[in-house]
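Common to both upcoming complexes is chain A, partnered first by chain B, then by chain C.
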Partner chain A sequence: MDMLFQFIANGLVSGSFYALSALGLTLIFGLMRVVNFAHGELYMLGGVMGWLTTTVLGLNFFAGLALTILVMGAFGWLADRFLIERVRDQGEEPSILLTIGLSIFLTNTALLLVGTAPLNVEGPLPNKPVFLGPVVLTELRLFAVAACAALILAAHLVIRYTRLGRAMRATFQDAMAARLAGINTARVYASTFALGTILAASAGMLLGSIYSTHVSAGGLVSLKAFVVVILGGMGSFAGAIVGGLILGVAEALWGGYISTGTVDIIGFLIVILTLIFKPYGLFSTQVERA
Partner chain B sequence: MKIERNTLLVLGLVALVFPLLVGNQYLLHIGVMVLLYAILATSLNLIVGYVGEFSLGHTAFLGLGAYTAALLSLRLGWPVWATVPVAGVVSAIFGAAIGAITLRLRGPYFVIITLAFAEVLRLIANNWVDFTNGPMGLSGVAQPALLADASPLMAKRFYFYLALALTAVALYMAYRFVYSNNGRAAVTVRENRFVAQSVGIRPFVYAMRAFVLGAFLAGLAGGFYAHYITFVGANVFGFAFMISMIIMVLIGGKGTLIGPLLGALLVTLLTEYLRELQELRLSLFGLIVMAVVLFLPNGLMGFLNHRREPGERDGADRTAPGTQGGTA
Partner chain C sequence: MTETPINKTLLRVRDLHVAYGKIAALHGVDLDVAEGETVALIGANGAGKSTILRAISGLLKPSRGGIHWDGREIAGLPAEKVVAGGIAHCPEERHVWPAMTVRENLMLGAFLTSSKHRVEERVGMAFHRFPRLRERYKQMAGTLSGGEQQMLAIARALMSEPRLLLLDEPSLGLSPKMADEVFDVVREINGHGVTVLVVEQNVHNALAVASRAYVVETGAISTEADSATLLEDPEVLNAYLGA
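For the complex of A and B:
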């Protein structure tokens, strides 16, 4: 029983990463109606960038994070302008296929260039244990959770209060009306995709500082982000956060009490059950079932 | 329709004489793999091309078929004549169960839930060590008894004809499905769900039939794979097979019967040809998928049809809106 709190704490830590990576996915889906199957690969690229900047170039963690955000934001922008823009307004299928192709390309190109070795991101804090009552965490983990929360908050503020955020929401509600009101929707879409990419990549870099990362991690991350987004409701901000925490805790408890080998199965069971019983998620308000 | 049928017959004849003209085991092996992938691509095409939903979990049925055949052969000693059809039937039963859940969903939800099913099956195959032998896989699946003292070349020829027979069965069933009321109803649903419903077609029923048939054919292919390779591991549920199948269907052209065959031939040959560039190969595949989506949305068959009968195919008309008048 005394392990229960420890499992829950561990679950909340990994859950906050799930939430951050799922947020990018849900943002891209909610605003652009694009189901990004390359999301896990963007997360992986964030980890690779983190490794490149901190371990290889020897930069400080925060400089590395800033550089990662800059490079991945530019990458997201270009990916939208050169790929996704060409299949915009053609329904869901072409964009699904296109991002599947992109994910295959990114994973295997990264494998070719970086190899399969685990990649370490140098964290900003030592891995010193912190005792909080019955629970033991490390300083680094607490820092990473705080960073996740800060990034989520920042994304929320951008969407809520900036000019770009207002343009995003207007485009989401009615792209034609937004264009008539003088909003450059192509730029809004590209910014949205870049923002989603940044969220995924920073989650990848933060998690890489706790556990090491490797280039083939993308597939599983994509799937977990989808689990979270489906559980929370596609396009829902709060849903992504709550869904992420639920998945994290559920996995930690399953791993602690049942078996560690089959932890990944829990996410898929959640997906299957959610899609059967509450197909539009816990937090979804829209009903678009045909 | 007529052209499709005649092309299929000609291709069948070519395949029939191929092993007699070729005495090279390596070439025969490639031939067998082309046929295996032709069955898989045809079965995926029934879902992608005729239900109009994109399944990323088709390897579930390939894997179920392969494990069924391997277990029946290893544990119960069944001969290949029994294991392969039973593998198809088991896959079809699972297809009915999975389809009953997944076909209620559409678009991205369908993609993800099918992928989730394949992943769950892969995790079970990897972790249920008593039954599936876990990550070690099942090795030494029996070869047919009559190959006991045949030469390796004869064995390859035998497998080629077995694969050809299965491909013929698969294409015959797909052909009968596509050119039946079932197939026409499925196309109507794919093109416009609401019109289909308004003339009394129940989308779920027709989608379900296509899904179960697809699962059955993938199961047959899986059973054959188990006997031919003689080893089955959890990788049969993996994404690598899925990628190959997707590329074949997309390159060839979804929603045509010849397209997936063309895709299977092209991709298998390309894979062999690029063997030197083992690692670069998958990167190239990623680029090919993107290029096909952007520049060749209806695949090679869409391109050829468009060239052959301009204006008659409205599916290909996105590139040439001016010719649309001819259809009306």
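For the complex of A and C:
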């Protein structure tokens, strides 16, 4: 029984990373109708940036995170202005091909420049154990979960209450009306892609501080982010969070009671079950599009 | 000095060409709108009336020709620059943001106004002008009736305090009573000094609100006349509009 709580706690920790990275994916899909297959590579680049800033340059974790957010935000912005913009409003297939191409390009460029060795991100706290009743976690893990929650909350506040957030929602609901109100929609799309990139990259850096990361991590991360988004509902903010936590806990329980070697099967089971019983996901946002 | 007309020309469109891909939609439109006027564009479905408005507001890039607005050339400017210059476009089929409240729709209409105080002032004016919107200010715009959505779309366009309002098919899909209400509002807005260029399928509605009209036929202007003249000459209307 004791182990049950431990498994759930571990699951919630990894679930919060799944939530953070899936949030970026669902945001880009919900607002831009772009299925971003390069999402995992953006996460990987966040880990590489974390390694570069903390381990190689020796910056402290928070300075490294700030720098990672800045660089990856700029990267996302430019990727939209120079790549995604070319396939805008041409249906989903061109953007799928484009982002698959981008993911291959990013992985191989990173392989060439950084190599295959595991990359460490220096965390801000030691891996000292913390006892919470029957559950043992580390300070670093608790910090990482809190950081995930803070980033999710920040993204929510940006979308809900800022001028940019209002412009995003208006563009999503009716892009033509947004243009007529004076909203520069090209800038909104670029900001959205930048925000999604920042969420993925920060998840990559935070998780890299707990486990090490490597340049081929992207594929599996993309896959899990898609599982979460399908489970939670394409474009749903709450769905990404709940879906991420469910996937995390389900994997932890499977790993704990059945076998650790086959944990990645859980994601596919969830997708199959979701598509059979609740094809639009738990929190489908079927917003009427004019 | 004596030659200066009382109402100066605010909008001057010359030789306007617009194409959708390779298909020409407008070939050589000329029209003028003077300050304070209400002018109608009438014509059959697909004649290019909406395309003219879309080119003026920057939704479409003209392939040739000029749009002269208040002393400068605006042809080809992006939509956000045109709104900032004082032209608001209330599009066909209303296009309110369905999952936002009435109030949010209005506030976003003043997106380019950075002063919160002025935005609030304009929201207050909109509620004063459209009391029904005040009653529903918290309601999602997608749940409003067609007439209410049209009122909201007009109120939203006015939130940028335009000098020229481009109004596309404001009576589309509305009951005759609701359409009358909408045109009363248009008259009132014009009475407050806003110049109006209105596209309308229903010729009688259009001529009742506008002082002049251009008849648009297959991508060009075929006739320009006073509303009174057109109303007295049903043959002209029949010939051009099949009305």
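In this section, the second predicted complex is superposed on the first by the 285 of 290 C-alpha atoms of A that agree within 3 Å, B and C clash if a C-alpha of one lies under 4 Å from a C-alpha of the other, contacts with A are read in each partner's own complex, and residues count from 1 in each chain.
We take it that a contact is a pair of C-beta atoms (placed from the backbone, for glycine too) under 8 Å apart; a residue touches a chain by one contact, two chains touch by 3 or more.
On a predicted model such as this, the values are computed, not experimentally measured, just so you know.
Asks: What's your read, chain B or chain C touching more residues of chain A?
Replies: Between chain B and chain C, the winner on chain A residue contacts is B.
Asks: If we overlay the two complexes on their shared chain A, which of chain B and chain C does A:L180 touch? Say first, second, both or neither.
Replies: In the superposition, A:L180 touches chain C alone.
Asks: First (chain B), second (chain C), both or neither: which does A:L275 touch?
Replies: It touches chain B, and chain C stays clear.
Asks: Looking at the overlay, what does A:L57 touch: chain B (first), chain C (second), both, or neither?
Replies: Neither chain B nor chain C is touched by A:L57.
Asks: State whether A:P94 touches chain B only (first), chain C only (second), both chains, or neither.
Replies: Touch status of A:P94: first partner only.
Asks: Go through the superposed model and pick first if A:V130 touches only chain B, second if only chain C, both, or neither.
Replies: Touch partners of A:V130: none, neither chain B nor chain C.
Asks: Have a look at where A:L106 lands relative to chain B and chain C in the superposition and call it first, second, both or neither.
Replies: Touch partner of A:L106: chain B, not chain C.
Asks: Could you tell me which stretches of chain A are touched by chain B in one complex and by chain C in the other?
Replies: Touching chain B in the first complex and chain C in the second, residues 290 of chain A appear in both lists.
Asks: Over in the complex, which chain B residues touch chain A? Could you list them?
Replies: 54, 56, 101, 104-109, 111-113, 115-117, 119-120, 123-124, 127, 193, 239, 243, 246, 250, 279-280, 282-283, 285-290, 292-294, 297
Asks: Across the complex, what residues on chain A touch chain B?
Replies: Within the complex, chain A touches chain B at residues 29, 35, 37, 83, 86-87, 92-94, 96-98, 100-109, 111-112, 219, 223, 226, 230, 234, 259, 261-262, 264-265, 268-269, 271-272, 275-276, 279, 290.
Asks: Per the contact definition, I'd like the list of chain C residues that touch chain A in the complex.
Replies: Listed in rising order, the residues of chain C that touch chain A are 57-59, 78-80, 83-84, 88-89, 91, 93, 95-100, 104, 107-109, 111-112, 142, 156-157, 160.
Asks: For the complex, give me every residue of chain A touching chain C.
Replies: 163, 166-167, 169-170, 173-174, 176-184, 287-288, 290
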